[in-house]
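Several structures are given next for inspection.
Next, two complexes with chain A in common: one pairs it with chain B, the other with chain C.
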Partner chain A sequence: MTITRINVGPVHPSTHGVIRLVVDLEGDTIVHVEPRIGFLHRGVEKLAETRMYMQIPPYTEKLDYIAPMSYDEAYVATVEAAMNVQVSERAQYIRVILLELQRLASHLLSIGLLCNDLGQMFTGFMWTFKDRDIVLDLLQEAAGSRMFYVNMRLGGMREDLPADFIEHTLSTLKYLEHRIPMYVSYLEKNPIFIERMKGVGVVTKEEALDLGVTGPVLRASGVDYDVRRNNPYYVYPKLHFNPKYLQSGDNFARYKVRILEMQESIRIIRLALKDIPEGNALGAPIKLRSPNPVNRISVVSRELPRGECLMYMVADPQKPYRLSIRSPNMINLAAIDHISRGARYADLFSILGTLDIVMGCVDR
Partner chain B sequence: MEDDKIDTNSEEFTDAKKEMDKLVYESVKDREIKPNVIFAKLSDFTRSMPITKGVVNWARVNSMWPMMFGLACCAIELMDFGSARIDAERKGYLLFRGTPRQCDVIIVAGWVTKSMVPEIKRLYEQMEKPRYVIAFGECATCGGPWWESYNIIKGIDEVLPVDVFVAGCPPRPENLFAALMKLQKKVGGNVEG
Partner chain C sequence: MTLQTDLANLFNIPYWMSSANIVHNIIGIIVYMIVVSIVFSIFGYMVGWLERKVIARAQYRHGPTYVGMWGLFQNLADLIKLLAKQDVVPEYADRVLLAASLPVILALSMFIVLLLPYSPSLTATSFGFGLLMIFTLISFFPLLLFTAAFGSGNKFADISAQRSVLILLSYELPILLVLASVVALSGSYNLSGIVSAQSSSHYFALLMPIGFVVFFIAMLAEFDRPPFDLREADSELIAGWLTDVSAPYYALALFLDYARMFMGSIIIAILFFGGWLGPSILPPFAWILIKALIIAFAIIIIRATAFRMRIDRVLRFGWAWMIPLSLINLLITYMIFVR
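Presenting the complex of A and B:
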């Protein structure tokens, strides 16, 4: 049979961000997918070499604009590792609470967009965005902005939690706990959803390890790995964190892992709000001259909502000599050729939706 | 000349809403239908009167269709604009269209790289006239935090004629609503609803 070549993007309603996919089809079956990236490249790593240490968080935040605070924290933790700064106990709790709230917002958006990709299931999109707005209101209360926060400082936070934050968070969590089963029943009772998700885009355990995919994509394939448990940071061990993983490795498992992770996040936030100690949560204010780093090379690994991020920094006095970022999205996107080979053309977008790629992070 | 009978610049036609009501009322009167029933045929407008600027503007202003076109961070706020809390449809900004041929306004949300410029130009040229551009966010307005980057153009106004600029990093979805209302006022006529 002849092979047809179709060009998807760079501006396409179903690609999240600006990506071009060159798809080779045999009939309706995908033979080869080649992602062409670089439409959002802006040279974050190069810009970081010309900035002082605490001028860089606004740039790293814009890497993953669906979960900005997690990248903010990953960068600040790298600088803390370079300068040997300890984070106070209360600040650790606050960071864990805010990061898990950010994960909730991110997974909600990812499920909403997945509904959009599966042929305009607009109810799911509207529901998740409504709930995401409620979570973002909490983050706005704590950090002052809807999307970009820059509220991490060396050794702590820019400001402590506001007075009634705990009360508001508890009521929001109660609401979300009531909403998540509604999503599950809405989506999993829908025969179209099941048909397009179950058994499509399967990644086996061996394949997942070979491809190096991370995050929910890895855990959906039956690998029990999560940086928060395997290489713990902050107070995650105290909160008895348990990674959720499933065996089947198809689209449905990738969606389901996100639902389970949201429930786990809610549990963790509840525990952290209960245990949060009194004390000083404020970090060092930003000054014209920062302290000089002690360690020349520092590497920090963090579990972002989309997978494991590795930040490698070679330090110079006052500014980084080199900042290198291993982005989880880039790794997951590279697997799309292998995953979608043999699937139907229409399934390409559901696979792309469950991989949940942010192009700002891929292109950097 | 038929056109001479009606002075379109006269005071009674400056208000598009009044003109519309009058047209509807007259068309209803001819058909001997109860005046509280809203019923009008498009041919009634075109036959009885020349299509005045007011009617076209009234229609144009109250159905601004934005294009589904997001680049970066601001596109997330753009999605929020289309979702439940803001409810963009109540002012006529119908849900985002997937093709440029059905759209009136392109919202450039995010930083514009050099490799994206030809694509944006092409999308803009595919849109039907009249077409409007909104630069949404710092990056589309002036380059924003990427001013020193080697791959970003410093504002979409280097490429396209921008009608409304929206400041903020990212602007809130409400700001987009305000920007579209400003555009409606710029196009002419009162904003309905």
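Presenting the complex of A and C:
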């Protein structure tokens, strides 16, 4: 059969940002997918070399515009490692709460977008987007902004949690605990959804390890690996964090892992809100601390909503000499050729949806 | 037997068109055509508005609100905007095929609408094989969509064209098999005859529920409604056969989308819900419109929550479920009601 080459994107309704996929089809079967990236390239790593430490968080945050706070925290944690700053106990709790809320917001959007990719235009998307909005309201209360926060400081936060934050968060969590089973029953009772998700885009355990995918994609393939547990940071061990993983490695497992992670996040936030100690949560602005790093090289690993981010920083006085970011999205996206080979053309988009790519992070 | 009585028997022309004067007849037919087309277009437009509103409500949105009361004129505003835009035909497109297909679909839809009976008196022609004629015309739609998609020369449209033919292959047969049982029940190929057969017994949707369900699903596939909207699968094929269709034709395609849906609802109302039959508190044509609107509402609600099926699964569903079920329906109908 002849091979048809189709150019999906950069302008296409379901390419999660600006990505171009060159797809070779044999009939309706995918032979080869080649992602062409770089449409959103801004040279963040190079920009970081010319900016002072406190000027960089706005750049790193915009890498992942769906879960910006996680990148914010990863960068600030790298600088903290370089300058050998300890984070106060209360700030650790606050960071964990905010990061898990950010993870909830991110996974909610991911599930909504998955509905779009499966051709159920905008109903599921709008439902989850509304819930994401409620979570973003909490982040706004805590950080003062809805989308880009820049609320981490060296050794703590820019400001403490507002007075009624705990109460609001608890009621939001209650609402989400009511909503998530609703999505699950809506999606999993739908035979078309099950049929298009189960057994499609399978990544075995070995393949997942070879491809280097991380995050929910890795855990869906039966690998019990989560940075929050394997290389713990902040108060995750105290909260008895328990990574969720599934065995089948198909689209459905990748979706289901996100649902389970959301439930785990809700549990962790509840515990953290209960245990949160009194104390000083405020950190110093980076420029007020000594801008001279203690450690020349610092590496920080963080579990972002989309996978493991590694920040490698070679520090100079005043500004980083080199900041290198291992983007989980880029490596997950690189696996798409392997995953979607042999799948149907329509499955390409559900696979892309379950990989949950953010192009700002891929292109950097 | 004169030719005139022959014609009168064959076409069963209503009294207000059966004047002896042929000029009166022609004027009557033209007036009927214009009135029915306009009323149908208005209702098609209203179904489009209803779809936008209902889908918006399902998605926590308000839908159109600003243009006119409850946003009633939003679609009109969109239409004017689209008509004002430039008509761009890609260089590699087959201009004739692309430009001809959509108007031909519109003309066929209007022709079908004119052939349908709306009440005992609102019937342009009650010619003996109306049912066959309508479904012959309807089976042109996938072919015309194929030519439009093929003519636009776009690769996404090409995939859409292939899917169009596949749907034609697997969803025309169940429709025809169900029609066979409708004919067996009513003993008539005449649409008015089918309605009057339902007045003496129950609605056919009650007599053959399997047939109704199969027919409803097949009509969803025939008219591009989710979960069978594979021809214009937004998340896969951008807009399928409409990818390279520019503004004025796109406006036409949007209108056709709603008009075909409403036409399908009317056909289902006639074949399975007794057309204009109903308590005499309302005039007969009001009953058929109410029934058609309820069916259109059901089709819209399906769109709000249905995921799109994959093309291979659509084929398998068509051959493994729809055709056997329609055959079973035919057998049951013959065994119980006809014998």
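We take it that the second predicted complex is superposed on the first by the 358 of 364 C-alpha atoms of A that agree within 3 Å, B and C clash if a C-alpha of one lies under 4 Å from a C-alpha of the other, contacts with A are read in each partner's own complex, and residues count from 1 in each chain.
One rule holds for everything that comes next: a contact is a pair of C-beta atoms (placed from the backbone, for glycine too) under 8 Å apart; a residue touches a chain by one contact, two chains touch by 3 or more.
Because the structure is predicted, anything quoted here is derived from the model rather than measured.
Asker: Quick check on the superposed pair: does A:G360 touch chain B, chain C, both, or neither? Answer first, second, both or neither.
Answerer: After superposition on chain A, A:G360 lies in contact with chain B alone.
Asker: With both complexes superposed on chain A, which partner does A:P277 reach: first (chain B), second (chain C), both or neither?
Answerer: Neither partner.
Asker: In the superposed arrangement, which partner chain does A:F349 touch: chain B (first), chain C (second), both, or neither?
Answerer: In the superposition, A:F349 touches chain C alone.
Asker: Who does A:G199 touch here: chain B (first), chain C (second), both, or neither?
Answerer: Neither: A:G199 stays clear of chain B and chain C.
Asker: Kindly classify A:P181 by the partners it touches after superposition: chain B alone (first), chain C alone (second), both, or neither?
Answerer: After superposing on A, A:P181 lies clear of both chain B and chain C.
Asker: Once chain A of both complexes is superposed, is A:K130 in touch with chain B (first), chain C (second), both, or neither?
Answerer: both
Asker: Using the superposition on A, tell me which residues of chain A are in contact with chain B and, in the other complex, with chain C.
Answerer: Looking at chain A, the two contact sets intersect at 13, 125-127, 130.
Asker: So in the complex, which bits of chain C are touching chain A?
Answerer: 55, 58-61, 155-156, 159, 226-227, 229, 233-236, 238, 304-313
Asker: Please give the residue numbers of chain A that touch chain B in the complex, ascending.
Answerer: Listed in rising order, the residues are 10-11, 13, 17-18, 38-43, 46-47, 50, 58-59, 62, 65-66, 109, 113, 125-127, 129-130, 132-133, 146-148, 359-360.
Asker: Can you list the chain A residues touching chain C in their complex?
Answerer: Chain A residues touching chain C: 4, 6-7, 12-14, 28, 115-123, 125-127, 130, 186, 190, 192-193, 195-196, 344-349.
Asker: Could you list, by residue number, the parts of chain B that touch chain A in their complex?
Answerer: 68-73, 75-77, 79-80, 83-85, 96, 98, 110-111, 113, 115-116, 119, 123, 145-146, 148-152, 169-170, 172
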